[in-house]
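Think of it as A, B, C and D in the order they're written, each chain with its own count starting at 1.
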Amino acid sequence: MLDSVSLEVMSGELVCLLGANGAGKSTLMRTIAGLVKPSGGTIILDCEDITGLKAERIVRRGVALCPENRHLFPRLPVKKNLSLGAYAKHFNVKVMEECYDFAYELFPVLRERGEQLAGTLSGGEQQMLAIARALMSKPQLLLLDEPSLGLAPLVVESIREKIVQIVAAGTTVLLSEQNAGIALSISSRGYVMESGRVVLEGDSESLGSDPEVKKAYLGI
Amino acid sequence: MSYFFQQLVNGIMLGSVYSLVALGLTLIFGILGVAHFAHGHFYMLGAFLVFFLSVSFGVPYWAALVIAVAVFCLVGVGIEFVYRPVRDKSDINAFIVAIGMLLVIEEAVRAVWGTGNRRITNPYPQVLKFAGITLELQRLIVIGAAIVLIVLLHLFIKRTRMGSAIEAVAQDREGAALVGISVNRVSILTFSVATGLAAAAAALAAPLAFIAPDMANTLVLKAFVIIVLGGLGSIKGAILGGYLLGVMEALAIAYISPAYKDVWAFAALILILAIKPNGLFGGRD
Amino acid sequence: MATRKVVALLVVTLMIGGLIATCTSCGDTGPKEVVIGLTAPLSGGGAQYGTDCQRGIEMAIEDINKDGGVKIGDDSYDVKLSSLDDRAEPEQGVSNATRLATDDGAKIIFCPVATVIFPLLDINEKKDEEFLILAYTSIEMVTDEGNELIVMPPPPFTVYTKLFTKLAMQQGWTRMAMVQTTGAYGDAWAKGMGLAWQTAGGTITDHARADYYTETDFVPFLNKALASSPDVLLIGGPSQPTALVVEQAKSLGFEGGFIVMDQAKIDGMAGQIGMDKMENCIGVAPVEAPFPATPVFAERYKKKYNEQVTWESAINYTAMILLKDAMESAKSVEDPMAIRKAVPGVLPMSGDEFPVTLDGIENKGLMHMPSAITMVKNGEYTLSSDLIYWWKEKD
Amino acid sequence: MTAENLRKYGVFIAALAVACFLPYIGISKFMLNVIIYAGIFSIATMSLNIIMGYTGQVSLAQGAFYGIGAYGLAILTNKAGLNFWMAMLLACLITAFVGLLIGLLAFRTKGPYFIIVTLCFNFIVYVVIKNWDWLSGGVRGQKITGPELFAGREARYYLVLGFVLLTLFIMWRISRSLEGLGFMAVRDNEPLADALGINITYTKIVAFMISCFLAGLAGCLGALHTGYLSPTSAHYLLSFNFIIYLLVGGAGTLYGPIVGTFTVYLALEFMKGIGEYRFMIFGIILILVVIYFPRGIVGGLKSLWKKVAGSRQAEEGA
């Protein structure tokens, strides 16, 4: 489904990935995270080839995916979901505490909901939990797949702010979005995908003013 | 009234075995979505191993039990590898693999130990009498040991890292992979735990009755009824369902009809599923 | 994946090929042979019972072949036993018998389970596929249909019902609960026993039948029966599960007696659970007690199979020798009707070669074999050496 | 006749020709017996193919419906004294009706739940037949006497052959009809079929009823051939057998059920010489087949043929 995609993300950057439904954004994300085996090409992280590694190895290398459908553990409490987020890293108690603190600072509502089952949270809260869970492994690179999907505008706005905070705290983020307006407003660079290929790339400002992008993704 | 309690105790005894067997099945179904129809045959094999150790080799009962459980934890690892190629295929493929497996096991046991019934000497034949109830000590041990095993399993799943990994994979396999849990390893672990539990149940209950190559055929059917009733993949459902079925059966023998004792459970299941298509306790879909 | 597939295909083909090869090669034709069929439970709860029958026939065949086989004129035929497992299920039995009769050409088929014998009576007179049924059962009803190709050696169970009732009543037992096996045999027995019991003034307190061939734990059934506080339990099916029933009933605190149906043998049960647990059991006497020739046979049997001899082996052994004599007297191994008609001529069979005695045969096929009953008292068999010539007391 | 047609029908016609003269080419009575059973079971397997192969619902109750058909026939002839053919038709209709009732309950569930519900139903039928002495004759079973015409084995062979061909024809018609397409739409993508306006439950139930009718027919023939009926005729192990036959032959294919039944049943019969070990070997073969040839014999041959034909075409094109 993907065909000669080439993109790079620098350390500390927030890069966005635009494209319509079915353009291959999710597949790309899942391939990087190791859920889908690529038939060709290479994925390089910190000068090391991580192509074809299993998902659990990739998490250990510092890449965490917050997937499109969240994939939480619905019948486990919120706190357990978070602790499982750090499963791959074998952190000691002290580091775990730091991780919880960071997550709760970012999303205070999760502290209140600590003992509640993840499946009973509202859509927005679930999205926050999914992001927080991905952050628990202290990733260098966070892959965010459609975090705004199906959420109310107010919640989307809050998520947008949180993403900015995450980047500010030093995590590199690759954000995939259908909602190009939001994505371009916070990212530094962006790529546009169509039927499995990257068709456009550039810094966010120029992408935002590109007439094609405006017409196709910004609805202007 | 004491007759009622007598049959109730019988039912709880039966239910203990059902619960232990159903627990393993539900764990496996939760992790892999595999209807492990050969599970009962590993129970049978466990009983024969205890028979072999204690009767042919004179190993003391409890030592035989521990050895059987340990051996079957390893056997579980092997089972996982047989299922691995069909894990993501349709339900029925795994089912057929299970049938193939159970044919091999049953005939192997027939070849080694013959087709007839065998008996393991009851290690605790002492008869207890209290409140009008009479039962052998071994039956009480089955009930007690089942509770201990269930509590241990609960602690394992709720309190340990590996236990949480099992729950995570059962609830969302992709989510589990994303947080760095190796689904393959968890699935091996699950088969190991489940098969060990079956062997434990067999070692406990086998001295009370006959052991035979086809002893587990109805047992495995009932275990399936239990886990469907409790909601596929639900641990709580398997435990409650197991005891419920055991008690129901004993009371059916006592008050309705011994001949139809096996029917009530199955009929109840059909009715419950017609009303609640995902089982009494919900469960995954 | 592709290479694996090829390997898998190779393995599968090799396995199937190998199997077919081994099977076709075993069909070689040697000297003249007469095939005797057996359909019996060889697995499950009745496995021991079926195997005991099988061993008796096997031993007889060994003796016959050692003696030069079945001699008819100048020809002699080696005897071969072909046995199939029917798990005491009628349909399986029918399919086994058809197979034995058509494929192996068996003209005589042994069958030790009444439930299976009944359907065999419907097919054994079919033209060109006739076979003689050697019915090892005590249900006299199998001879009632007027089938001309049946021989039934054991005494009918009705011999026992009155004797057992009398013996039990002498102990002061009047309340009986029945926990016998399901099926034609168990039902007929329970009916007959119930009649004898009630005629003698006893009461039947409960009826909780269980399938002895498939059940493995009888406690729930026994609890039900014992709740009616009986003095005595009617139990029975194959010896092995019956022994478990006695053991479990005692573990539930039952102190009364047991009337054991004739399929289960008191000595066989004692072998399972020990003589001390057999106290107060009324049943058929151990085979060695009433017949003087049996101990020799028992010793040979023990040497060969390392197990205690049973009625099943002893009677089926004698029956097989009887059939050999009948074949020789009829001068045919092919015509079951002629063989059947030759049976009265070779009777009685008694003496040192035969573990049990066969005195005569009635027109319907019921044979005259004396029997004996026993009751276990203080760890001893009582009454066991008194032979009962039941047919002489028939009205 | 084109080469394509020759390939398509040639094998079939050759097989049919052999089948027509089979009893007279010197095979043993026993062999003929085995072949008759294989024919009867292949009707049952074809009936399973409708619900499992075409409609995608794995039913483990086919053994029960086989038994209901057989017992229906026995009771209608023995107890009600009906004419044999009349009884046979009625028995099949009764089976289909029971199928309707069970379908209404069972099709509320899906996937593994459906498998278990049908299995439970089969178990219940077995236990009821075993214990309902008055109606079924209980463990003892009962006798079935067919019409005088079919007293001989050869005659029964042709009767079964006729019904196998009839069932095959029905299967062929179904796979090409609108209903058949509906079945397959439900199998391949339920939501999509729903969106296309196919009534899912109705479609499943129709398929199930046809399937039950044919399973009942197989049961009647089985009872007639054996001449005797006992609870084993409704055992759930029968259901397992039918599923194995179908998967080995190839689910969802026209000839798969027949090929699978004959292969497995005959192989197991031939291997009887080595005793029960054959099941051990059979078990291993079963596992290997399901893992490496999940589409069965007919499915596998089809894709092989496609590959061969495809490469040939490619060569011609080049």
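As a convention for this text, a contact is a pair of C-beta atoms (placed from the backbone, for glycine too) under 8 Å apart; a residue touches a chain by one contact, two chains touch by 3 or more.
No experiment lies behind these values; they were computed from the predicted model shown.
Here the chain-to-chain distance from subunit A to subunit C, counted in touching steps, is 2. On a Cα centroid basis, the chain most remote from subunit B in this structure is A.
Subunit A and subunit B have centres, each the mean of its CA atoms, that are 42 Å apart. Averaged C-alpha coordinates give centres for subunit C and subunit D that are 37 Å from one another. Rounded to whole angstrom, the centroid-to-centroid distance between subunit A and subunit D, based on C-alpha atoms, equals 52 Å. Counting partner chains per residue, subunit A shows two or more touched chains at no residue at all. Counting partners per residue, subunit B has 110, 259 as the residues that reach two or more other chains. Contact with two or more other chains is made by residues 182 of subunit C. Applying the touch criterion to all chain pairs gives A-B, B-C, B-D, C-D. Against subunit A, in their complex, subunit B makes its touches with residues 161, 164-165, 167-168, 171-172, 174-182.
On the subunit B side of its complex with subunit D, the touching residues are 29, 33, 35, 82, 85-86, 89, 91-93, 95-97, 99-104, 106-108, 110-111, 221, 224-225, 228, 232, 259-260, 262-263, 266-267, 269-271, 273-274, 277-279.
Against subunit C, the residues of subunit B that register as touching in their complex are 3, 6-7, 10, 110, 114-117, 119, 125, 127, 129, 134-136, 208-215, 249-250, 253-254, 258-259, 261. On the subunit A side of its complex with subunit B, the touching residues are 33-35, 54-56, 59-60, 64-65, 67, 70-76, 80, 83-89, 133-134, 136-137.
Those residues of subunit D that touch subunit B in the complex are listed here as 52, 58, 105-106, 108-113, 115-117, 119-121, 123-124, 127-128, 131, 236, 240, 243-244, 247, 276-277, 279-280, 282-287, 290-291, 294.
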